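By letter and in written order, the chains are A, B, C and D; residue numbering begins at 1 in each of them.
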Amino acid sequence: MQVLNNGFVKLLEHMGGDDAVIRNARRCWRSEAKTEDADRKLLRHLIKAGHKTPFEAMVFTFDVKTPLFVARQWFRHRMGSFNEESLRYCVAMRDYYIPEGLEDELLLKWKSKNEEAFDFYDLLVNEHRVVKEQARSILPIGIYTNFLWTVNGSSLMNFLHLRLDKQAQYEIRVYAQAVLELVRDAAPICFSEFEREVLKLGE
Amino acid sequence: MQVLNNGFVKLLEHMGGDDAVIRNARRCWRSEAKTEDADRKLLRHLIKAGHKTPFEAMVFTFDVKTPLFVARQWFRHRMGSFNEESLRYCVAMRDYYIPEGLEDELLLKWKSKNEEAFDFYDLLVNEHRVVKEQARSILPIGIYTNFLWTVNGSSLMNFLHLRLDKQAQYEIRVYAQAVLELVRDAAPICFSEFEREVLKLGE
Amino acid sequence: MQVLNNGFVKLLEHMGGDDAVIRNARRCWRSEAKTEDADRKLLRHLIKAGHKTPFEAMVFTFDVKTPLFVARQWFRHRMGSFNEESLRYCVAMRDYYIPEGLEDELLLKWKSKNEEAFDFYDLLVNEHRVVKEQARSILPIGIYTNFLWTVNGSSLMNFLHLRLDKQAQYEIRVYAQAVLELVRDAAPICFSEFEREVLKLGE
Amino acid sequence: MQVLNNGFVKLLEHMGGDDAVIRNARRCWRSEAKTEDADRKLLRHLIKAGHKTPFEAMVFTFDVKTPLFVARQWFRHRMGSFNEESLRYCVAMRDYYIPEGLEDELLLKWKSKNEEAFDFYDLLVNEHRVVKEQARSILPIGIYTNFLWTVNGSSLMNFLHLRLDKQAQYEIRVYAQAVLELVRDAAPICFSEFEREVLKLGE
């Protein structure tokens, strides 16, 4: 699923869905899944009351490509794991964020400033034998980076809650929206109740 | 898989295995799985150097039944999630730990003391209308409890490292051993390297 | 501060208060503490919007003595650290929970059942050389245990939110209330806003 | 304490030291601090065996200024809290990393490339009314950022272990070294044992 000028989010793997969350929640009462209506009410209650552990029975792994400043916001969500390509070991690719809606002249300048930074990086690494981990200092914060994210359902909902908020930066909001599209099918009851109760959609 | 006189461990679900860990580890270098030998060496290095995030791409959910004092030790492992049947809402079942090797006379006393505690509990709940959450005060610490445990590969290895240690209590060590048997097939390279490097088996 | 028939909560140490939280929150805007009114509004906003990291600049260590079933609920709060006396190494003390309001006859039975359990424990440990870690199986869940708890301000607020709730068990609610009394002085603005916005007191 | 060309680390506050760790560790046995020699042996054992919770009774808050790529490595340490100035709200300051040992000509180019990036940033923000949160895309990864870090003793030791390693990048190693200098006095026994057992210094 493409996001921004050159990024993406893919759902690689997941474990558990509505069934797993209901199974875990009902363990408390030594009971099993009941009618869909009763199960839905239970999930709604858990979301509203802030009971998180049952949602931790769902786990997702995403492959994500974002501008570096978006990745920095993303990595602030500590309950999850990240594996990112490292510019200590990999040569940086000439791949950077371009905002929509720049006027033509400004767009040209934006591109040429980014290209010049990569030119200088190439010079440092190839001609002057500066190590990659230092040479990257000169690259712009808008370069794309690529990482794997494993996160459980509870922490994912927290991410969506904060990053779909109007106060969140546009560039991460579009990623959060893409993540939400990707997980809906995996746990339709959980995420529809989450959208109603937390995101307050459909009001 | 039965453990102790009346407990068990079952592996209900899992996500990811050797492939997922290798994929996550190699993301750092923007590379892919290589020969089995190179992959194995990489995993060994990660284990020895304490790099944990790639192993967090593996996740397991277990159904576990243990004496309550074993559950208390288990729940100390904070990186994981637990959903346990609650004696606030469920009536306690007459199901308690009996150590092996008690002499006949002592075994009889052990059983009768446990039975008396349950008799008093029943009296409190049924006759005196004491709420279950208070009445449980009188039940012995050796009663069985049942919980679901979701844990990633890194935290699981930490659990095994500490709970398979000779210093760990016998009653949790046999559970840790059962857990290890159950996960070996899910990620044979990871766990064989873990056994060699951390548990120091096969030396 | 005494709680229940034989428990307590003491605040041993703390670091940071309103000043530290405001300093951390304002770092985001590269600004400093302002008027008390502006600072209070900021803290209120952080609490309502779920921004947790500034409150993590406050840390508290408590010494707590509770019935074991209360400790089990307490230890479910994973963001914090616990050091508890261990009945693997310490001999259990004859010290158990007695609920208020039991009728005389029931109270006598409650006590005698607890005493009998301790008598059997002493017999197991002293006469039969059963190891303490096994012998404790026979002790009641209502025995008192003693632990140290280190927790940051954000996790503490989460604990108070869930454990002061009407749905929480009475026996942990009185501890949560005692904890709240103890921390109020350490960060009066934070906790008065927390009480207003989260606990909805004073409405 | 100055680090690199323009960074620093300051210890702002701390709670607990050797005494607190020993108190927490000895709670397990219901014992108190003993001779310095016995306490030291205990701490050594805890470090070697990987028992972490007693060290969580020590907490530190640092004020840190680093190049952004160093901050990114630092923030990977999830057990801790960070509050960083945000370039969504603050105008970026003309303050960037300059490695030591660049030849004169290259040094001039390094500076001019950084200066040009800031010139373009100023133009975007001041002339073209591009929002700061987007305009920062063009700034180099080597700009300095400033954050507060609250971390407990166990997580701090993990940070030091990984970031003082020879495999760690030079630019974060010098910060880790500065952090170690700053905490030594707060808990001299803990950190001397840590250096001996984990860092293998003095062998």
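We adopt the following convention: contacts are C-beta pairs under 8 Å (C-beta built on N, C-alpha and C of every residue); 3 or more make two chains touch, one makes a residue touch a chain.
Just so we're clear, the structure is a prediction, and the values are computed from it rather than from any experiment.
The chain with its Cα centroid farthest from the Cα centroid of subunit B is D. The interface with the greater count of contacting C-beta pairs, when A-C is set against B-C, is B-C. Counting the residue numbers that touch the partner chain, subunit C and subunit D have more than half of them in common. One inter-chain figure worth recording: subunit B and subunit C are separated by 26 Å, centre to centre, where each centre is the mean of the chain's CA atoms.
Averaged C-alpha coordinates put the centre of subunit A at 35 Å from the centre of subunit C.
Averaged C-alpha coordinates put the centre of subunit C at 31 Å from the centre of subunit D. Residues of subunit C in contact with two or more other chains: 82.
The touch graph of these protein chains is complete, with an edge between every pair of chains. The touching residues of subunit D, when paired with subunit C in their complex, are 13-16, 20, 23-25, 27-30, 53-54, 56-57, 59, 61, 81-86, 89-90, 146-148, 150, 152. Against subunit D, in their complex, subunit B makes its touches with residues 49-50, 161-162, 165, 167.
Listed in rising order, the residues of subunit D touching subunit A in the complex are 67-69, 72, 75-76, 78-79, 82, 87-88, 96-97, 99, 102, 106, 109-110, 113-114, 116-117, 120, 124, 128, 130, 133-134, 136-143, 169, 171.
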